[in-house]
Structure formats: structure tokens, C-alpha cells
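Below, each structure is written out as C-alpha cells.
What follows is chain A paired twice: with chain B in the first complex and chain C in the second.
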Partner chain A sequence: MDVSDLKGMLPVDAVVVDGRPGLKWMDMSGVSLAEPFFQQTVERVKTTGNRRRELFTEFDVLLQLEKHLDSVPPTGFIFHSSRCGSTLVANACRAVPNSIVLSEANPIDNLTARFITDAGDVKTSLYSVFLRGMVQALAQRRNGNEKHLFIKFACCSFAQIEHIRRIWPNVPWLFLYRDPVETIVSNLNDVPPWLLDNDRRVLASIVGVSPAEVAAMSLEELCSRTIGSLFSTAQGLANANSMLLNYTQLSVPVISSVLSFFKVSHSTQELETIAGTSRTYSKQASGTRTFVSDTDAKQKLASNAVREAAAKWAIEPYQLLEQRRLEQTARCG
Partner chain B sequence: MDTEVSFDGNYGPRRISVELANICNLHCSYCFRSDENLYPSHAEFFPLELLRRVMVEARSVANVTRINFTGGEPTLHPQFNETLRTIREAGLTVSFVTNGWHFERVWPALQENRAAVSFVAFSLDGITREDHDRWRGNGSFDRLVRAFTRCYMSKLPFGIKIVIRRDLVDQLEQIAIFAARMGAASLHFAHVMPTSDAIADASALSLDEQRAAEQEIAILARIFKMDIGVDVGYYNIDETRPPCAPLAGVSMNIDFRGRLSLCCNLSGFRGAADEGDVVADLNVESFASAYAKLNALAAAQLQKRKDALAALRTEGSTPDIYNGSPCLFCLQSFGKIPWHRSGF
Partner chain C sequence: MNAINLAPGKHVVVTDFDGGEGILVDLNTKKYYQLNETAMIVWKGLEEGKTMREIAADITSSYEVALDKAQVSVERIVDNFQTYKLLTAR
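So, the complex of A and B:
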């Protein structure tokens, strides 16, 4: 296969076929990444219109593509602890003209997970090189005028922030989080794939236990320990190049400050568009459902098991993180 | 993820390695070719007439389809273009191993005979200009990268060969990344072929280090599409099939003097005390007759190794590197490394 065969194509998944890791590519010519999640766009393209060309390649091709691609370098990274408003922020970034938003794109997050699953087998530099190549492939200037690239990672990828920072040391990053009780309630109400992952090595690594111990945990405990670990990581690594943001702060002015933090200037008109996106339910592709803060509802729904798990594993890291955020805010005036 | 090194039994096309020249423009201290072979008082080049005759006979007798030029440095042959043309006209394919220094000069010849040239293997000594040129001289790395680009742009498959010296063992992953970036179709590692205790101590890996390197290479081979493996010096005590192409009767070597021998890695070995791997002088003997002798030698050598491994099993000993590696076993049993005290 020649790299010219990949013209118009984007990597849409990172998979393992017959024990060999590789990439699935799909012809995405003329397709805008308009949906709140990258995979929603992929599904739309798969299910509408003519069947698109698909290809499987090994990772090598990313290294050869580097020489041929005109790509947008990352503008800002959005990390989060799950169900805390990060999609709203990503949608606001999408409202900025000439921007590309890669929201929880499987190829990026699956590759990031390999820092954990293949740890010990391969030095991390190999997957760092592949991850950089993957982002370059996804961030191709397909229209020619793209200027900003925002990457919203899946929540578990935040555990690999140190690897990611080593690849892109100067890219500002945001960490969004929420009260742990509300986060756990939301996750139990609609259990996300990351909590049900059969390959338990990623969660085991985040929580700091064995995969067998993960398998034996209740969802309340697993969710609580995972977000507690993410809070601790954020609290430990927050610096001048990062911004901590609590769900309770989400508002149009705060989202505007996030864009400023990412060094993206925006006009009043663009801010109105952003305000429009923040008033709709962020995860719905059609954008017709109105967004309503559900803090009270989540608190009322919390079971004793949820409260106990949160108290045991997540409340303290959450409070320390809040403290860190307040210190950061005070320093910034 | 599979971390075991295994030989998949693919010995490649039936082929002859031909030492096209006895000379080399470089002088790498770890090279196993003897100085008498590489830097004699006069250069010797493989005669074109002999090549023509051997090709025809080898095709008919041994179903040989590929000629692989080695050396010395094969591109130094004054009739390099003619050798390629000869092979093309005979309907065979050709590959060669080069240090890349003279690649620009031979490029027109490669283009002219492109239909016959199936592969070019380049020797690399480091993935930075500084590292590579330390061994191969200033300007060598730039010439090599230019050659890679030439091949890549014209879709001529090329590979990279690199000896795993001690100073490179931590860079296997970076070497694979470099090779993939260059667009190489293959990356073949070789362990140092020791020519003295001093070379073995300075550059060669211990058995444990070799096994660790081979495991890392096996992992890289699973990740990259590029064909990655260990060509020379690997540890393999699987007796269910021959451990290498020469012992499988799939490849053979003809030295620059026109003598048929078992393997290019034994030929002209620095400090060798014996030439038991040489079976016939093709200048005076037909290929058919020489080939029969070679097959007998390969079978005998294969049996000799089986017997040695069986003896170790009976003793309850694990084969050391000189028995576990087919290459080192042959070096030892053919008297190529008399400085090494063998166990048998």
C-alpha cells in the first residue's frame, strides 16, 4: 500500500487483528466532524449515503504519512473525570471558526490505552511516536483553512497525562471534574463502556490494583476509585499550563475564559454561538434537547452505596483538587 | 502479546550470494571479513563470464531464482551495470547489500535494470548522522538517507541491516521507528559475529542480553508491517527444521574467487583457521557437481548440530550461545574462530 492510497481517509479506530495492532481507515472526504463525539460522525458516515472505502493498515504508515501531511498542531487538550460537562466545552470549541475538535476519538484513546496494556513489552517512546502520528493524521487540514485543534480525550486517558505532556509539553490542558457523588450516580444511571471494559488492565492501572480485583469490585467502588485516582492525578500535576474547572462553574463567560486559556481569540458573535451550544444538551448530535444542570436530581438519586463509595475513595481527592483549583484561581487573581 | 522469538520457516527464494568484489571502501572494525579479503594488494572482481555460466547452471540444477550480491562492497565492481543486465537478461532477479556510499553512481544502472532488481539492503550503524558516521565516515549517513529516498520515491523495495552492537541495544525501538519513517520494507538485525575475544567483549552481547534483544525485536515485529527479524547470530535450538537458509539448502555462497561455499557469513572470516565450508572451485568444476557436494556438507552440518544439541540434552545442559546460535555453531565447527575454546 502506498501512502497516496490514504488520500481523503482518516484513521477511525485502532484495533488488534490477529494479535497485530493496526488502524482502520475510512474515506472521510467532505465529512465535517460535526457530532459531539468522533465515533458519532463515523457512524453517521457509515449509515448514510454511499458505502465509504475502508482500509486496514499497520502503524508504520503513520510514520510515513508525517512527511506528506499538512496538519494543525494541537491548540488545547480537554481531559475530564466523566459526566462533568466536558462535551459542552468541546462543543463550544467546535463553534470556534476554523477549528477541528477530536472528541473521544477511538484511535487516539485506544492508542493511549496501550501505554498501559503494553507497558513492559515496548518502551513508551514507540507509542508516543505513533500517538503523535495519529493526531497528525486526524488533524489534517482537509479544507485548507483550519487553525485550531482541540482534543477531548476519554476520561481514562487522563491517567496517561504524563506521557501526553511529554509529546506535547507546551499544549495547555484543561481538567474538568464534578462532585463525585453526582459523577457516580450519572455513571451508574447509564453505565459507560469504560466501566464495563473486559480488558481490565486499564482500570486496574488507574486504580492501582490487579485486573482480578477490578473484576470483583462493585460498579460504585470501581467508579469511585477511578475518579478518585483521576482527581489525585490532576491535583498532583496541575501547573501553570493547566486549568482546573468544576462542573458547577460552567457558564458562557467561563467557557470564554477556557478559550482564552487555550489562546484562542473569539468575537462577540462567536461567543453567542458558543452560548447557543451551551444551552443545548451536549451529547445529543442533533442539538435539540435543552441542557439543564442536574446537580439536585443526581444528589437525590444517590444511594447509600454510592455515598459510601464516594466517601471512601473519592471525596478527599476531590476536596484536595478543589483546594488546588481555588489556589490556582487566587494566584490568577 | 507474543514475546517469543520464533523462526517461521520461511527461508526466502532459492538464491546464491555472490561476492562481487573483494574490496570495500569502508573499514568497520566489527566487520567479520578478513583484511586479507577486503584490503588485499589488488582488487578482485567476480568474473562476468563465470556469473553467466553459474546462473544458467544454478537455475537448471538448483532452481535458483535470485542472485544476491555481497562483497566487499558490490557497487565497486567496475561492471556493476553489466552484472545487473546479465541477470535481467537471464530472467532472474537480483538483490544486493551495500553501504550506500556509491549509490548515486549506480542509480542509473538500477533504473536501467529495474525489472530485475528486487531489493536493496543497506547497512546502517546508527540512526543519527553522528552515530552512523562515527563508524562509516563523514557524509555516509547523508548518502544513505538520499539512497533511501531514491528507493522510496521510485518504489524500489529496500531494507536496512544493522548489527546489534552493545552500544545500540538500547535503541532497537528507535531504529525501528527510523526505518519505518524512511519507508523501509524490512529491518534485519544481526548479532555481532565475534572475530576475537576483544571484539566479543567490546561489542557482542551476552546470551541473556541477546535473548532480551531478540524478545524486543519479536515485539517490534508484531507491531510493524515492515518485516523485522534477526538474520544472523540468533539463538535457535528448535530441531524440527533447519535453522537457516544455507542448512535448508535454500541459499549458498560463491566467493569473489569463484568458490562455492555454504554461507556468506562464514566466507573470508577474519582470523579463520580453516575453509571446510568451501566445497568447490567453480572455475574448474561444474555447478552441478559442486552443488551435490554442498548439499552433502549442509546435511552433515545439520546432523552434527543435532548430535551436539542431543549430547547437551543428555548431559542436562542448556546450550550456550556458541551451540544455541546456528551461526556461532558453524563458525566454531568450521574453524573460523580458533581463538574461542569450544566445548567439543
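So, the complex of A and C:
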């Protein structure tokens, strides 16, 4: 295939077709990645206007493309333990002019999962260069004036941060998290796909058990053990190139400090736009629903099973992570 | 054998990774090869049309190794590339 066939196209999913792993591409000419999640943009494009050209390629096309693309290098990575305000931060990054925000883009997170589901020394290197190529393909300068690239990964991808850091060792990263009881309540109220994934290998790897054991777990236990593991990973890997942020801290000044941490300067006017963004419910594409902090409501809704699971698997890692954050804050003055 | 008569095949894509290492993809067979730093120096030397002796000299400038030993390494690596049909006549 000639790489010029991909002009105007972006990889919109990592898929397996006829047993061949590869990429689904779609013509995204003139499409702004304006929605809170990448897949919402893809769905909008699919359901409105003329039918867009789609095609399938194998992953190696990413390596062929590398030398042809003018892409924005990553500015900052946003990782999180789910339901903790990361979409709000991503939306704030989107308010910065000339920014590209790739928010939980399936092609990135599905490829990241392959570090687990298709492991091996050569394959780890291979998937690393594919992931680098994927990001380059998604971060093409399509307008010509893009300057910043923020990538918000799906929560499970944080378990692969060491592979990600090996590809981009100098990119600053943020880890957002929240009280485990509130996180579990939120996930049980509206169960996300990652908790229901039929391929149990990813969660099994994160939790450190077999896929069969994952399948036998209650959602409370599975969610608690997963976020507990993510907290431990964050606590263990936090360094000068990372920022830990608790949901309780979220405010416009703190989001402004996140942008400064990502070395992105912003004007007062842009800060006002960010403030407006933070007042609306972050995951709704239309931005018409008002954001309300729901800490008390989540605590009241917590069942005994939730509290027990949190106490057994997540509270201690959460407290250690909080301690780490406070140490970082103290060091920064 | 003189490397100057050999060039990387047009059906092969290479990319750097992890400092000096690299990944080669044979687009015909869809096979992938992971190259260590020395093999990447050899591959890049072939891309630039260098002789085996010149490539060996590049290796000696990066690593503490005698020129004759470096030449043996280069010949072995080029042989491997040929075995896997990654090179074509220039």
C-alpha cells in the first residue's frame, strides 16, 4: 500500500480483521477532535454528513508513515485511576490554543494493552515503535499551527507506564486519583467497559492474578484491586517528571498549575475559558450539563461491600500515594 | 565481499528505538527484526553506501573494539541480513 493513500486519514481503532491485527483508518479531513473523548468524535463523524472513507492496514504502515508525517511531539500525558476528574483536565488542555488532545483514543489504548496480551521481548520493542508511530499519526499537524499534544490514556493503560516512559522518557506525566470508596461507587453506578472486558488478561496482569480469578471476582473486588494496583504503581514511579493530583484538589488554579507543569504558558483569557470548562460536566460532548462535586453523594451511596473491598485492597495504597503527593508538594515548597 | 555493492532493500522499513537499537520490518514477508546497536550501525552504513571497512571503523569509534574484530562482526551481520533477504544489489 502507498502511504499517500492515507492522506487525510487518522487511525481510529486498533482491530483484528481475519486474524490479522492492525488499524482501522477513517477520513478525518476537516474534523476537529473537539469532543471530550476521541471515540465520541469518531462517532459524530460516522453519524453525520457524508459517509467517510475507511480502510484497514497492518501496523507496519505506521513505520512507513513515520518519515512522511509532520507531527506534534507529546507535551504531557494524563493518567488516572478512573472517575476522578481526568476528563476535566483534558478538556482544560483542549482550551489551550493550538492544542491536540487525544482522550482515551481506542487505537492508543488498545495498542498499549498489547504489551500485556501479546508479550515478549521483541514484541515489546515492536509495539513500542508502533505506539510511537500511532501517536505520530494521530498528532499530525492537520491545520499547520498545532503546538501542543496532550494524551489522556484510559485508566488501565497506566499499568504500562514503564513501557510508555521508555518511548517518551522526558514527557511530563500527571496521575489523577480519588478516594477509593468514591471511585468504586462511581464505577459501579455506571460500569465502564474496562471492568466488563471479556479479555480478562489486562485486568489479571494489573491485579496480579489469573484471568480465571478475575472472572470469579465481584465488581467491587475487581475495581478495588485494580485501582489499588494503579495507586501503588503511581506511588512507586512518581518522580520529578510527574505530578500527583487528588480529585479533591481540582480547581482552576490547580489546573493552571498542571499546564505550567506541562510547560504550557496560558493567558488570563485562556484561563477564563478553562474556568468555564471546569464548570460544565466534563464527559458530555455538548458541555451543557453543570459540573457538581459529588463527594458526599458517593460516600452516602457506598455499600458495605464497597467499603470492605476498598479497605482490603485500595485504602492503604491510596494513603501511601497521598503521603507521596504531600512529600512532593512539600519539596516543591 | 564488499558492502558497497549491497543496499537495504526497498521492501524494508527501519526505525530507531531506545537510543541506538532499531526495528526492521520486511514488508514482503511481514517479518520483524530487532537490531542491537551494532547491527543498526551496520544497517545505517549500508544505507549510506559505506564499505565494510568504513562501517567497522564506525563501530570502533563508538565501542572499544579492534578494527579486525569489528570487521568480522560487520561481515557476520551483513551475512545475516542477506540470509533474511533484507539486502539487494546496489
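Here is the rule we go by: the second predicted complex is superposed on the first by the 330 of 333 C-alpha atoms of A that agree within 3 Å, B and C clash if a C-alpha of one lies under 4 Å from a C-alpha of the other, contacts with A are read in each partner's own complex, and residues count from 1 in each chain.
Here is the rule we go by: a residue touches a chain if its C-beta (ideal position, glycine included) is under 8 Å from a C-beta of that chain, and two chains touch if they have at least 3 such contacts.
Remember, predicted model here, so these are calculated numbers, not experimental data.
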Joint occupancy of chain A by chain B and chain C, clash or fit: clash
Touched partner set for A:Arg166, first chain B, second chain C, both or neither: second
Which of chain B and chain C A:Asp118 touches, first, second, both or neither: first
A:Gly19 touches, of chain B and chain C: first, second, both or neither? first
Which superposed partner A:Leu63 touches (first chain B, second chain C, both, neither): both
Partner with the higher number of touched chain A residues, chain C or chain B: B
Touched partner set for A:Val129, first chain B, second chain C, both or neither: both
Of the stretches 131-139, 239-247 or 293-301 belonging to chain B, the one that collides with chain C: 131-139
Residues of chain A that lie at the interface with chain B and also at the interface with chain C: 58, 60, 63-64, 66, 121-122, 125-126, 129
Residues of chain B defined as touching chain A within the complex: 1-3, 155, 173-174, 176-177, 180-181, 183, 216, 219-220, 222-226
Chain A residues touching chain C - in the complex, by the definition given at the top: 58, 60, 63-64, 66, 121-122, 125-126, 128-129, 132-133, 166
Chain A - residues contacting chain B, complex: 2, 19-21, 57-61, 63-64, 66-67, 118, 121-123, 125-126, 129
Touching residues (chain side chain C, partner chain A) in the complex: 13-15, 17-18, 21, 23, 25, 27, 30, 32, 34
